[in-house]
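Below, subunit A partners subunit B and then partners subunit C, in two separate complexes.
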Partner chain A sequence: MTAPRPREKRDPLARKKARHLSPAARSRAMHAMSARAAQGRFVLQICDSCGEATYPPRDVCPSCWGELAWQDCDNGGIVLCETVIRTSTDLYFRDHMPWRMGKVALEVGPVALVHLHHDLSVGQRAEVRLLLDRGGNAAMFAIPPNGDLDMSDPQLREFLVPIEGRTILVSDARSAIGLAMVKALCEAGAGLVVAGLAPPARTADTEQPAFIAPGVQTVPLDITDQKSLSEALSKIAGPLDIVINTARHPRDGGVSLDGNIVEQRHAFDVAAMGLMRLAQGVAPMLAGRPHGAFVDILSIDALVGSSQRAGFAAAESARLSLLQAFRHEMREAGVRVLSIFTGPVEDEHHQSVPPPKVAPARIAAAAIDALQQGREQSCAGEVANDAMTRWLADPALYTRERNL
Partner chain B sequence: MRRTAAPYDGVAVCAPLTVPYTRFSSETAHWWAGQALRALAQTAGLKPADIDGFCFSSFSCGPDTAVGMVQHLGLSPRWLDHIPTGGASGVMALRRAARAVQCGDAELVVCMAADTNQIDSFRHSLSAFSRFSQDAVYPYGFGGPNATFALITDAYMRIYGVERADFGKLCVAQRANAGSNPLALQRKPLTLEAYMVARPIADPVHLFDCVMPCAGAEAFIVTTPEIAGERGLAAAQVLATTERHNAFPDDPVQLRGGWAMEIDRFWQAAGIDPGDVDTLQVYDDYPVIVAMQIEDLGFCPKGEVAGFIRRTRFEIDGDLPLNTNGGQLSAGQAGAAGGFQNVTEGLRQILRQPLGDQVPDADIALVSGFGLVNYDRGVCTGAVALKALR
Partner chain C sequence: MTATPHPALAQMLACVASGEIRCIDLTNTLSSDFPVIVLPSEFGQCEPFRMETVSRYDANGPAWYWNNISMNEHTGTHFDAPAHWITGRDVLNGTVDAIAPSDFIHPAVVVDITREAAEDEDFIVTRTFLERWETDNGAIPPRHWILLRSGWSKRVGTLSYLNLRQDGAHSPGPDADAMRFLVLERQCVGLGVETVGTDAGQASHFDEPLPAHSILHGHGRFGLQCLTNLDQLPLFGAVIVAMPLKIAGGSGSPLRVMALAPADMA
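And then the complex of A and B:
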């Protein structure tokens, strides 16, 4: 007998709580900072000529008028002063009053206004994280040095996506990645994991320990089938907080050579149209949630294609493109959309691919880490990391070398 | 700086004017500017053609600037300036107009600030103040200037040992001064006890540390002593001025302002010292900025303002009559006009035309401005010493 899952206590007749976004307007330079913060990096602009760090983001160095470039920086600092804001004209912050903020002198030079962790006070050393706020933009959050992101601080929780107690849908739970995801979510304390299993049902499903574990509910789900999706979503009891899209259809083959059109078309149906169908179904469910999130697991081949798996890479590229647009749509609703890039996986689809390959459990851990650390974009495993680094450094070169 | 500034010969500052403030107004900044001109026309006998210079400051006149204003108001000046520096705009307008008149580019300059305060003006003007604010201030709780100055106040108190009661003494004195000013929006006496127990806004800033946004207009005329005489206008001369923007950018927290950069030169040019000042009119968006100006203008050494406040009376009949109309903290902050009321009130006191009680034997006023929070501090500072021409 397992303890019943704690349910939200809400008066069903009460008017639903409106969700507001933190102030969203930013300069172009600030968007460049947010794009890097989305990768979990702490960056500042450094002058090419004099080497001085600057903040807030500028378009020219205030010391010598040299060109500025974004660089990863040390994020240590000292808290200089603090305040607790108790009134605001902004709807989002009015929902979250009182709000504690302060000022930190960063060791690399500039001073920054920061959200202040409840354990920090003036004079103390702090570590400053760049986290995405509810409006999807980077913000400085000062936490105790070398401290974990502590979910007990309600302000900090606004920047992260907790797993504990949440209802989470895994779109394809039977795959190696999906299975690892279900296990990892249960271990991370998820309230209910809804495991999607593409029909036809298999006897093996009923014997899979992860699917009969407490806190796991299986539903028939094929995201290439609208009817299946609608039925699956209707079977989820209570509000849905997080969706993790693990569905994919990796197949080898080039464009003019070895390309099986039927397989490649199915790859598109799963990766691109499947994502769109799933997104359309879950968007209204996630939009009302305090910490709604959609996590998509996609191939790093989405960046520039691949001569070995051209059709699959193209489908994953289409998926990435749709995901980018979906992220923008969901930003308006305060729902975070996360991309977890992966290289070849240690699974049945990559039997003939030599290592290094990434273990499914590692992908699952990366997804959970990204949610709980507030990252929008992550790479699971060395292959994806290496590819992302090369692509960011020189997209033209990387495109060429991946398609040689 | 190699050259010393030339004295302001042949310059007269006169006709201080306040259009009575209202808490909210459904009118526009243009309307308030029109009220100011109409009142100036009555006191100084002006026709539009007499005004050959116009200097304007406003936060709520958009999409117009001074350009749109001259056409709107029917002026044809040969000298025009638009000053977007808020709390420093009165001092800066005076400084610019004085040189224009001295050098003959204009001979009668109307300096004016006008702002309306519609029901949601404050919220709107907050949300589009500056790029740095948008990127690096609003996302952190959206506390507006209250939060920015709460951080400065917090640091000031920690570093210089100033206590809330010290700031309270300034606010209580200014409220007492407002008592005789019929135009002040807040005249009900304030006790130190009430100040101390007021509700917190952004710790350590509490309710009575904050100004009340309102609608209003302020104006004055800069001209030659001859023209002022012909029009029967009592006038003051400019002893010295100072102005500085983005001073001490490397200070991690703003504990001093641009005045401190050249205050000795200022007093030397004025030919007086702080002890000669009969009334001090400083920008008072928050009392910590009043304290900062008292130090940086040379009334006491840096870091010793707490002791200075404790041993000084700031009422109209006190040792250093401060913000004698009540300041923005009691009279109200009418947008950019909040950066003009220090000039008009200083002028009124030394020209012996007070709105309320007269500072006894006032001849010299020190007026100081502080304006525009761009990121974490006010960027613009300025001061002017005025002496009545008798």
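And then the complex of A and C:
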């Protein structure tokens, strides 16, 4: 047996530390920036007339009153100055004093007020990331360029979701994606991976090396069953930090042609109602955690449907819709809700789909990266990436293309 | 009209009241974690039991508690009607709604294969085995349920109940000759088992595949699955009350199965 995992303990009589959110109110232009930051992009507004980059977000160009358009930009710059904030009337920042900030002269033009990584000092080159803060809004964070990022910076940790030492539930661990996820989480240093195994249980599960590895606990879990979910959640040792929902039910079939109602209904049961049930069960558990997060793996078909897998795509669309609302609900609690879009997976459900397909291990890596970068929306693999790019560029055309 | 009940009924009720006749529940509890039969993945699957609370003395119903439930017709302790199988598709009154009420109550013979099944999970009940059983215990009378007591109900709640391995499920059951013997020569009402199906776990690989389903239902006989407490029944003399739900055109139904048996069964 391995040594028991160090458990988080606290004085039971002391009142629990309240958690606050960073200030939330933002302009519409700033929300546009946050929406792009959620995709892991670094964007600035560029003036259509004079070509100047501007920051913070505005409605018109401050130099010439021209139209502004969002553009992906180079994120390099030089640290001009720094300061440490030691007092504030804001509840969130009061929890995290002292707080180091600085100004960075971005290579593309503007000078930005940024959160400053503890390894950076005045005069140094910096890479500026657009990260989402606790309130879900984009904020500029300057980090040392091209170096190994020291994640122990407490300010930076506020923007990311650490995996090391955390208790993480994988809702369907038996699937190819789930299995890869369990392995990847263990390698990433998770404290405890709770692997949900949907019935029917097989004797082979008890011999699967990934499930009997140290730091892995298996629980019977079927998110289409309220009782199973409640019992599984009650069996998790210690507080739950992160939930990764890998459950899905990919099946071919159209709407009027080859649409197997029983299978398609099950796809909805897993993807939509399952997500809702899981979310209701874990939301209060995650809400109390310093770095709570919910990661959902969903098909890129959720964006516009698919004539080949109509029922599955519809179920995934419903899932996406629920996920957006859930993200909004969880923002109040400071819990991050991350989506990982994927195209066809290299697994038993997509045997007849020609490549390119995405390896389950790559989806797992994308989920871990999304957590560690605090990125709300990611695409795993070329198919999902390409689809997202096309959809963002021309939704009407992409919808037509996907359903030809 | 007379207020005096039929003497036989009156005597039965008196015996039930006095405990001379025991009422034994042969039903497993219907819950979402009770396993259902698993078919190869290319086929449609049996849905397990599901329950969602509509209200429980709360805002959705301040004074009442009730649930929505859903399941397959063959979930939990259940009844197989002749129409369940292709061989029984043309059987007259072969769906649960059409079964004669007189078929809801029949006597039973209990064939104990507990020892054999413990030694061999794939134990096959053969005609030879049944003939030897008759030599030891007496002839199987006509129009009886044949209850196969395998001890499998003791495995409920463990992986070994469905007993799924890479090569499929492993559980005991009859072969085709045994089924023909029971159905054609002993005129059985049906076959009742503790396992998840009347057929053995590996019965799809038999030379005559799935003989229990095929032969029982082809001759208009019934099946009862996922029974429990068969160890409380005498070899002869128990009466089985099994009433499937009246589902229009239904192929089977979850149900409560009760046995009436003498208390001093010995």
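What we mean here is this: the second predicted complex is superposed on the first by the 402 of 404 C-alpha atoms of A that agree within 3 Å, B and C clash if a C-alpha of one lies under 4 Å from a C-alpha of the other, contacts with A are read in each partner's own complex, and residues count from 1 in each chain.
The criterion applied here is as follows: a residue touches a chain if its C-beta (ideal position, glycine included) is under 8 Å from a C-beta of that chain, and two chains touch if they have at least 3 such contacts.
In this text, all values refer to a predicted model and were calculated from it rather than measured experimentally.
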Exercise for the section: Return first, second, both or neither, reflecting whether A:93 touches subunit B, subunit C, both chains, or no partner chain. Expected result: first
Problem - subunit A residues touched by each partner, larger count belonging to subunit B or subunit C - result: B
Practice task
With the two complexes superposed on chain A, say which partner A:224 touches: subunit B (first), subunit C (second), both, or neither.
Solution key: second
Handout entry: subunit B versus subunit C as contact partner of A:204, first or second or both or neither
Key = second
Practice task
Identify the partner contact of A:262: answer first if only subunit B is touched, second if only subunit C is, both if each is, neither if none is.
Solution key: second
Handout entry: Partner chain(s) touched by A:121 [first = subunit B, second = subunit C, both, neither]
Key = neither
Practice task
Have a look at where A:307 lands relative to subunit B and subunit C in the superposition and call it first, second, both or neither.
Solution key: neither
Practice task
Name, in rising order, each residue of subunit B that touches subunit A in their complex.
Solution key: 122-123, 126-127, 131-132, 134-144, 146-147, 150-152, 154-155, 158, 199-205, 249, 252-253, 375-376
Completion exercise
Per the touch rule above, subunit A residues touching subunit C in the complex are 199-204, 206, 220, 222, 224-228, 260, 262-263
Problem - subunit A residues touching subunit B - in the complex, by the definition given at the top - result: 22-23, 25-27, 29-30, 55-57, 62, 80-90, 92-93, 99-103, 105, 111-115, 122, 133, 135, 137, 139
Exercise for the section: Using the touch definition up top, name the residues of subunit C that touch subunit A in the complex. Expected result: 31-33, 35-36, 38, 44, 48, 50-53, 159-160, 162-166
